[in-house]
Structure formats: C-alpha cells, structure tokens
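There are two complexes below, and they share chain A, which is joined by chain B in the first and by chain C in the second.
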Partner chain A sequence: MSGPERTTRNAKIRPFGESMMSKKFFVGVFTNEHDVLDATTACREAGFAFHDVFLPYAVHGMEDAMGIKRSWLTWVTFLAGAAGTTIALAGQWYVSAYDWPLNIGGKDPFALPAFIPIAFELTVLIGGLSTVAALFAVCKLFPGKDVKPIVDGVTDDKFAIVLERAGNFDEARARSIFQSHNAEQVLELSGEKA
Partner chain B sequence: MEASGHSQTFKPTSKALFVCFVMFVAGMVCFGYTLSKNPAEAWSHWLIGAFYTTMMALFGIFFCAMNYASGAGWNVVIRRVNEAMASNLIIGFLAMVILVIGLLTSHDKGMERIYEWLHLHHDHGAGSLEHAGGEMAAAAHSGQSALDKAHHELLEHKSPWLNQNFWIIRMVAYFAIWGFFAWKIISNSRKQDIDGDVKRTRANVRWSCLFIVFFAATVCLASFDWIMSLEPTWFSTIFGVYHFAGLFAGGVSTTIVLLFILRRMGYLKEVNANHFHNLGIWLIVTTIFWGYIWFSQMMLIWYSNIPEETQFYVFRMTNPEWDKWFYINLGWNFIVPFLLLLQQPIKRNEKALFFIAIWVLIGRWIDLYWSVGPIPFLDHATHVYGFSKDTVWLSVGTVVGFAGLFGFVFFKALAKAPLQATKDPYYEESLHHHSA
Partner chain C sequence: MSHPVYSPLREPLVYGNKSLGQVTTDVCGVLERKPSKEWWLGFMAATSILGLGALCVAYQIGTGIGTWGLNRTVGWAFDITNFVFWIGIGHAGTLISAVLFLLRQKWRTSINRSAEAMTLFAVACAGLFPLIHMGRPWLGYWVFPYPNFRGPVWPNFRSPLLWDVFAISTYGTISAVFWYVGLIPDLATIRDRAKTTMRKAIYGFLAMGWNGSAKAWRHYEVTYLILAGLATPLVFSVHSIVSMDFATSVIPGWHTTIFPPYFVAGAIFSGFAMVLTLLLITRKVLHYEDYITVDHIDKMCKVTLVFGSLVGLAYGTEFLIAWYSGSQYEGYTFINRATGPFGWTYWVMVSCNVIAPQFFWFRKFRRHIPLIFVLSLVINVGMWFERFVIILTSLHRDYLPSSWSLYYPTLIEVLTLLGSFGLFFTLFLVFVRVLPPIAFGEVKGVMSYARSQKHSHRHEAAKHVGAGAHH
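What follows is the complex of A and B.
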C-alpha cells in the first residue's frame, strides 16, 4: 500500500506557531485513523514525547493512546458555574430584598423560586463563557489567529503524529514505528521564526 | 457459568427467583395488613406500585424505540435487558385491573377519596347529582354546602372525560397500544436473531418512530388518568411531562441495577465502562430534566397563586408531618444525584452508579408517595387530616413487593431469548463503543 504513488503528493511544510520556534520535531503522516491510533500507542509505549497529534476530526481513544490525563477544564466550568449562581442570587437579593425591598404580588422580597430562572441562566452563561475563555487562554487561541497547519491535509484527510526531538531522540526507532504503521510520509521539521 | 460466548442464554438462578418471591410475599403481607386496617390507604399504595411497575416496564420498550429511532448503536449489548423489562407491562396491566376491581367492589367509606369522581351518581335525574356516601350528603346541609355544590358542579363538568367506563376503556387502550408496539419491536428483534436481516432493523426504526408519537400522548394521558385525577379539581398541564421525566430517570436506574445484578451473576461481560458511562450520562440528564420539570410546575403555580392550581401544594405543605418532604423530594431526586453524577469517574464506575441508581429508585417512590400518599387523607374542602408518617413503611413494603414481582417476571422473560442480539447490524459497533 505504501507505494510510490502515495508519496507523489508531497506535503508543503510550514512553520506552525511561535511555541515551536526553537524546537525540532519528527513527524509521521498517516492516512487512516486506525494506523495513527496504533502508531500513537506504539510511540507512547516506546517513551517518545509528543508535541501533539493532529487529526482532521476527533478520533475516539486518542487521549488514551497519547496518555493524556483528564482535562482540568471541567473544574473551570464547575467553579465558574457556581460563581454564576452566587452572583445571580446575591445580585437579586441585593436589588430586590436588601437595598430596596420590593413587594411583587405579595411575595417575600427574597422570593427564591422567582430568582431561580435567572440564577440558572447566569450559571450556564458564566460557566459556558468561562470554559471557552479558559480553553482559548490555555491553547493560546484568539479569533483571527493565523494558524498554519503543520502538514497540508491535517484539517482534511491526513493524520500527523508530531514528536519532540529532545535529548537522545532515537530517530531510527521512531522512523521504524511510523513506517511499520503505513506512514505516508516521515518528516523532520524544525520550528523557524515565522 | 461461562463468561462469554455469542449465543449465551440467561438462566435465572433459583436463589434470584427466591429472593424476588420473598420480596413479593413480604409486599403482599404489607398490602394485606394495610387493607385490613384502611382499605383506601392500601389501594393508594397499590396504585403507587402498579404505576411504578408500569412506568418501568414502559421505559424498557421506550428506550429500545428511542435508540432505534435515533440510530444509536451502543445500546445493542444491553437491549435484551430493556426488552425483558418491557415484559412487565403485563404485570402493570394486571395490577391496574386488580385496582379497578378493588375500587369498584369496596364498600368502605374512605374509598370514596380515591378517584372521587368514580363515585358520582346521576340517579336523581339530569343535572342533579349526589355523592355516593352519606357523608357528603350530610355535609351538603351544613355550612360547606356552597363549596360542595361548586365542587360537584366541577366534577359533573368533567364527567364526560372522568367517568368510570371511559376511564377503564382508556386504561385498556393504553396497555393495548404499549403492548402492541412492544410486541412488534421485540418480535422483530428476536426474528433478527435467526435471519440477521437488516430489514428488521429498518422496520423497527419505523415502528419506533410511530411508537414514540403514541407513547408521548399515552404517558401524559395515563398520568392524568391515574395520578392527577386523584385530585379531580386540580390540574397541571405539565404533569404528564413530569411523570415522563420520572419514568426516564427511574428506568435508566432500573437498567443500571439489573445490569449490575446480571454481571454479578456472571453474564453480560460485553458491557464495559463505556456503556455504563452512557447510562450515567442518561441518568444525570434525566435527573436534571426531572428537576427542571419539578421546578417549572412548582414555580409557575407558586407564582400565579391561583386557588385551583395551588391546592396540590397547599394540601401537602401545610401538613405538619409532611411539609419537609417537599424539600426532601427535591434534594433526594435532584440535588444529590446531580452533584454526584457531575463527576466523570462516577459515571464510569459500575458500583458507584449502582448505588446512585438504587438511590434514584428510592427517590421515585418518594416522589410518587408524595403525590399519591396523602389522597386517602384528603377531602375536597382543602383539609388534610390524619396523614402521618406512621404508615409509610407499609407503602415501602408494598412497592418492594412489586419490585420482587418485577424482578421475577424480568428474569423469566430474559431467559427466553439469547442475551445478545448478535446479528443486529449495530452489534459490532456496540461491542467497541467508546465514550469519554
């Protein structure tokens, strides 16, 4: 399968982000998700350090294959959501019951059931927006950022494993893992100043 | 017992059947004891058991249908469990028939409080009506006569829908509809075990879509007919959705509990953390849904504060022994499972999920008892009296009896077909399901 036809379409190589300026990378490009999953598992077991694995869509099991631990982003959602509830209830208490007690339909000024819909909305709003903001901050993303894919096609139909070349990197071993999993291309990259 | 194998068939152990039988007998003892003390209370407990059983059986076929209709594949390894749950529709039907017989043959005064409209008689000429018991006739001459008159006029007004014959016809119709679709969908699934024909799945998708339409209407109407009409002058348009939410949360819990038991017996090794994760997700989603509907019903009624709507809550929140249960119901059924199930490791942990499922199933009883339990102690002049927590355990006992019967029928039904629908086109997908 990995005949010469497959390598005719050479990927155009591009620098991919400031964080990679002074680093060197070893990249395997694959054409299907089973190969990339198995190759990733093999790389992890061989002890290679991943820069990342680039996929055109979410591949189930990739977190396990890469050995990625659970994200702490859910805690941001939870705490921001709890903050949203608190802000909503405190705000409504302040304006309706404390600062200027309001009598609406004979209800108690602190009419908790009536405050719940707003508390719910602010929980969802602040929880959701904070999660997106935290995700953007962690990934150094922002609207309009010009992100160049490392290999043409990782946003289309190609899968790329990017290993960090640091310390005593066993290039022969990495190359053999990639090739034994039908890698379409094996590339060496160094991050340049864009 | 062998742990794997494609044509593995479930054989209920005599121990499991014995445990179910003991639960059933204990439940019937509780029911019999209550019946000898206060028939109205006994039949209210029976109604809780019958409704609970029916809803759990209905969930079995609804969950199959929902997954067929949405093209889900992950549930194929657990589908036989849901199919076997649906067999309990027959128990739900028998229990409702026995309830009707009990209601129509009892001469106890207190029984008039259960489906009050069932005891209206039109035997004094058109327009005039009299309550079956002497109690109401006597009250009509006292200071309450204006309230009684208004109350009776309202019951009379509703009688084209709420009358004995039509009520029984509707009940039979609901079970006929549910039973028909359950039979269609399950028999297609069983036929596929033999020929492996994809057209069975396609047919089931069509039957499932149709069933869901009927299901939505019949579940609403059944909860109106069997629970809401216990207080015939009260209404809540969201009531059917409320009980659908309860059906869903309770049904997912029942599925988790049964899976846990079956796996402890050495079956269903194909089911793994990913399938439990999906069930855990369904459980938290339906818990949130229940809480949302609970709140929607309560908040809108509380806010608009219209007498014919608030009576349901006023009855229950002014009784000194029961006012706390309003909060216990919300805390038990929403806040606790919600906070626990927020955590992914719990959703993927079979044992943790089992305990939460048991918790939710107890919560289903709390919710139903809070709705139905006060009825024998309620009169239409907005008074609750004698409603105490002393006899709660009798209702628990009766429901345990129904749970035993449910388990017995479930085990028997599960043994009738291979545990895995190995020729389902989604079977392979289900085996390799990944969820995280």
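What follows is the complex of A and C.
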C-alpha cells in the first residue's frame, strides 16, 4: 500500500474515475477473528468483490470465507523436491561411478542405499528453499520493501475487510453487513492498488 | 452473534485473560525497554566465557590438535562428544516447532520461537567442533563436492561422515529459514509500532513488506505447513545419520542397529532439558509467566519423561543384546562400560538420565519450578556424559588388549567445551533482546482456546445476512 488517503466515514464519495490511477475501497475494521470471519462470509455471499482482508494473524477458515482457493505452493515443493532427489542421485552417480570410481570396501560404485541419506537431505533442502522463495515471489516480499498498513493496527489487534468500490457498489448493504458484525469502524479509502 | 463462552473443562493456554493488543505490548515491550541488570550480568558472564573459549580455539588451531588428550587408541573423544551433544540439543527446538505443529499441539505457540532459536544456536555450536577437529579449519570447504584442481578429488559418498555434512548443513539452513518465515509477521508488528526511525528501518527491512494480507496469509500458512512437514523427517534423519557415524563402524559398542532411534530419543530428551533450562530463566527474567505458563512446563516435563524412559529402555536393550548376541567383544565392552576404569561416567549417565526424570511421573513435581530447573541441569549433564560414555568406553578397549589405553581431557579441551556454552548463551541473550522470544502472532491465534467455544451460530448468522443480500 503506498499511502492510502483516508477520508472520514461521512465523507462524500467522489465519483469513480476522478483519479484514473486510484481505486476506491470500502473498509470495515473489526476487533476479533469471529466477527471478521462472519462478516467476510456475509460479504462474499452478498456478492461483494474483495480487494483483500488484513489480519494480524492467520485466521483459520478465511480462505473459505473469502472464497479463494487453497495455495498452489505445494506444487512448487513437490517439483523442487523431485529435482533435489534427481540432482543428488545423479551427482552421486557422476562422482562415485563415472568420474572417478574408487573401490571402497568392495562396495558397488553406484551404492544406491548409501546414496539415499544425501538424496533425502537435498530433497528437503531444495524443496524447502524453493517453497520459501516462491512464497516471497508470489507475495512480492523482499527485504526492505516499504509498506504502510492499510489501517493502523492490522498487524496488532485489528482486522480489516477491504471491499472494492467498483460498478454498482451497494454501500448501504456493505455498511449494514459491517455494522451488524460489530465493526469498530467503517471507512472509505482511496489509493493505489496494494 | 458470537459471545465468548468460558469452558470449565480446559485451562486457557495463556493466563490473565489478555486482549490481542496486550499480547503485543507484553512481548514487544521487553524489546523496547533498556535491558535489565540481570541481562547485563548474564551477557557479561556469557561473553567472558566465550572469549576464553575463543582463546583456547585460537591456541589449539595455532599449535595443532596435539594439544588434546587423544592417543592412538582413543582418536575421538571430547570434541565429537561436544558435537553430538550440541546437535542433540537442537532437536527439541525442531520437535516443538515442527512436530508439535503437525500434531496440532496448540500449546507450542508460546515456546516455539525460543526453542527454534535454541536449535539454531546449538547447531552453530555443534558445527564448530568438526571444524576445529579438522586442524586446518580454513580448508573446511573441502568437505563439499565441487569441481577442483586436485584431481578432481571427490568426497566419499559412501561414508556416513559425508552424509553428516549434508545433514547438518540442511538442518541448519532449513531451521533458519523456518524460523525466519515464522518471524516475518511479528517483525511487521514491531515495525508498525516502532517509535524511532532507526527501529522502523531495521525491522522494516527484516519484515520484507509484510502487511497482513489474507491473500498472502494463505500462501504463508501453506509454506509454514510444508516447512514443518519437511523439518519433521529432517530432524529424525539428522540424528540417525549422526548415529551412523558410529553404527556403520566395526567397533564393539558402536556397531548396533539400535543407534538411530536411540540417538534420536536421546537428542529430544537432552533438547527438552535445555529448553526447560532456558525457558525457566527467560519466563522469570522477562516476566512471561502468563505466556510460558506452569501448564507449558508441565507438558514439557511429560515429554521429557517419555524420552527419558525411551533412553533408559535403550540402555537396557544395549546390555541385553550385548549378552544375547553372543559376541564376546560386544559383551566385554558393556561390562567394561559399567565396571571398567570409566565406570563412574556410566553411572553418572544412568543416574542423571534414568533416575532423575522419574520425578516427572508426579504432577506436584511437574509444577515445582525450582526442582524442574535443577533436574533439567542434571539431565543436561547426564546427556553430555551419555555421548562421552558411548564414544570413549567403546574406543579405549576394543579387540586388541595390547592397544588398550586410557584417555583424559586436557584443560584446553575442557575450556573449549565451556566456551561453546559461552557462545550458546551469548547468542541466546542477544536473541531475547532483539527479536520477540514469543511468537506472539501465533499466540493470538490460540487466545480463544478454552476461552470461547467454536461459534456454532456463525454459519447460521452468515447465511441469514447473506440470504437478505441484494445482488
């Protein structure tokens, strides 16, 4: 988020398109996970488009509430892990059986059982590191990235549902969903897309 | 709507009925205040010992490892004992952070961060010993297979010592990454509450732009689960491989198939003792008694008891098999182990590791903090002796009586061990000052445990609102 411009809850809504670059958001701020989960489910069922939901900790059931799919990063782990196994076995074969075979205690140059421990370690190492690299890439996380919280306290004790104000956005409906789920604050924000 | 329901059946995981904001303040407040006098005292003691250890290491590398008490019969003793000891300590951290996560043990959230930090520092201490043992540590990178102009000369992939290189490197790397990924949301919290520009810059840099987005949380949660899933078999593999350094040799007392599970159990046992030692001090000094509660201590004592009993069972099994195998060398090694010149080390080991944890059968003792602290120290000592016994008593009298020998450590070796404790405690003390020792983000996620039941009305309420929506 590069500095959303905050307006008061009673501010007039500027017509969409006044600033071509900025999107407008309708935000409900909650103080506990149960309210935010219930409100998110209600918003999805009412057909609102989520910009995002900001949470101080992982709230279980939020994916279902928002209607987003489970992360696909498991595939990265699987493929990178398989690559790790392959690299380890191929490397050990190259070194021990191809490039410089040595007779060590009469063992087979390609001593597969003896190569399993390192194959396992490299599977874990490459699988794990690739998954974390993919996490950073897909969430655009990098050291020193500058962000400002969309609402103060979303990394502490506040939960914020951020709806996109686009098309025929039914503000009264959204406001009533937020308020009926004990929203602490209802805000209108405009700013660049996070 | 949802109202908190207080469960009469379960104790809450965090005491004091705290709000989410209070959790942040309680944990981060410690980092934002000036360090206490106790911290400075501890830090100065630890760095002094570390300095002494560093001098010893410099001396023995400058002079050569002939400064040790080794001889032609006993070629491995103190250094490898320290290595196995420290690696073992690390295992409890991974058990708490990864295995308990997979088992959905929610109480782990208060202790996993510091236990993982302990793992990293223990692995750092462990890694130093093989490096020192090389005698020329600047050539340490020769253990890795890379194309070189010496032939190329490759390491021997059929040797467990090389498996160990890969196991320890992977373990250290994955533990560090797992720990850091777990830290990111908490670092973002510290960034957002930082008062000074400097603090904001440093924690902002480390927090990598985390903003609490649910779209990011969904990938984050899966990554965390995967890392836990990878770290779990990894931790078992690491100490299994360490045990194979011994078990694949032909030395009586080492050449046994029980070694991998026996070493893993011992590692978790010693690691839990060290977690108890550290956390009992941390919770007291940093006033985290509401987070690291007596119930946490109680549960850790139970785990310690289970693994202590497994270790005790392994001691018995080793003796049984030494007799049942009919191998006279194996049989003699074990009789010598208990009654020979180093028999006292065996009985120190048995008293510390088998007898001491038996107190934990009783709830009263599992909640008696001073007693637990003493017992945790006793177990730490016992587990160091376990490795010493396994290594030394198997080596000093093997097949040929003409080459039997004794071994006594030199002052240099003892001070190097002491120095590794200095390094360990220095790192831990710095950690509790600069990073949150409690994973408060995760703690917030379990706050409602036993304080409010699952919201049975939630779905009905949501449907009710949804049904009236205009599209």
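Going forward, the second predicted complex is superposed on the first by the 170 of 194 C-alpha atoms of A that agree within 3 Å, B and C clash if a C-alpha of one lies under 4 Å from a C-alpha of the other, contacts with A are read in each partner's own complex, and residues count from 1 in each chain.
Criterion: contacts are C-beta pairs under 8 Å (C-beta built on N, C-alpha and C of every residue); 3 or more make two chains touch, one makes a residue touch a chain.
Here the structure is a predicted model, which is why all the values come from computation and not from measurement.
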item	value
Which superposed partner A:A90 touches (first chain B, second chain C, both, neither)	neither
A:A114 touches, of chain B and chain C: first, second, both or neither?	both
Chain B versus chain C as contact partner of A:W100, first or second or both or neither	second
Touching partner for A:G144 - first (chain B), second (chain C), both, neither	second
Contact breadth on chain A, by residue count: chain C or chain B	C
Which of chain B and chain C A:R70 touches, first, second, both or neither	both
Doubly contacted residues of chain A, that is, touched by chain B and again by chain C	60, 63, 70, 74, 105, 107, 114, 117
Complex interface listing, chain B residues touching chain A	295, 298-299, 302-303, 305, 342, 344, 434, 436
Chain A contact footprint on chain C (complex, rising order)	1-2, 19-21, 24, 145, 151-160, 162-163, 166-167, 169-170, 173-174, 177-178, 181, 184-185, 188-189, 191-193, 204-206, 208-223, 226-227, 230-231, 233-234, 237, 241, 244, 441-442, 444-445, 448, 452, 455, 458-459, 461-463, 465-467, 469-471
Residue numbers on chain A that touch chain B, as the complex places them	60-61, 63-64, 70, 74, 78, 105-107, 113-114, 116-117
Chain A residues within the chain C interface of the complex	1, 31-35, 37-38, 41-42, 44-47, 52-60, 62-63, 66, 68, 70-71, 73-74, 77, 91-92, 95-96, 99-100, 102, 104-105, 107, 111, 114-115, 117-118, 120-122, 124-125, 127-129, 131-132, 134-136, 138-147, 149-150, 152-157, 170, 173, 177, 180-182, 194
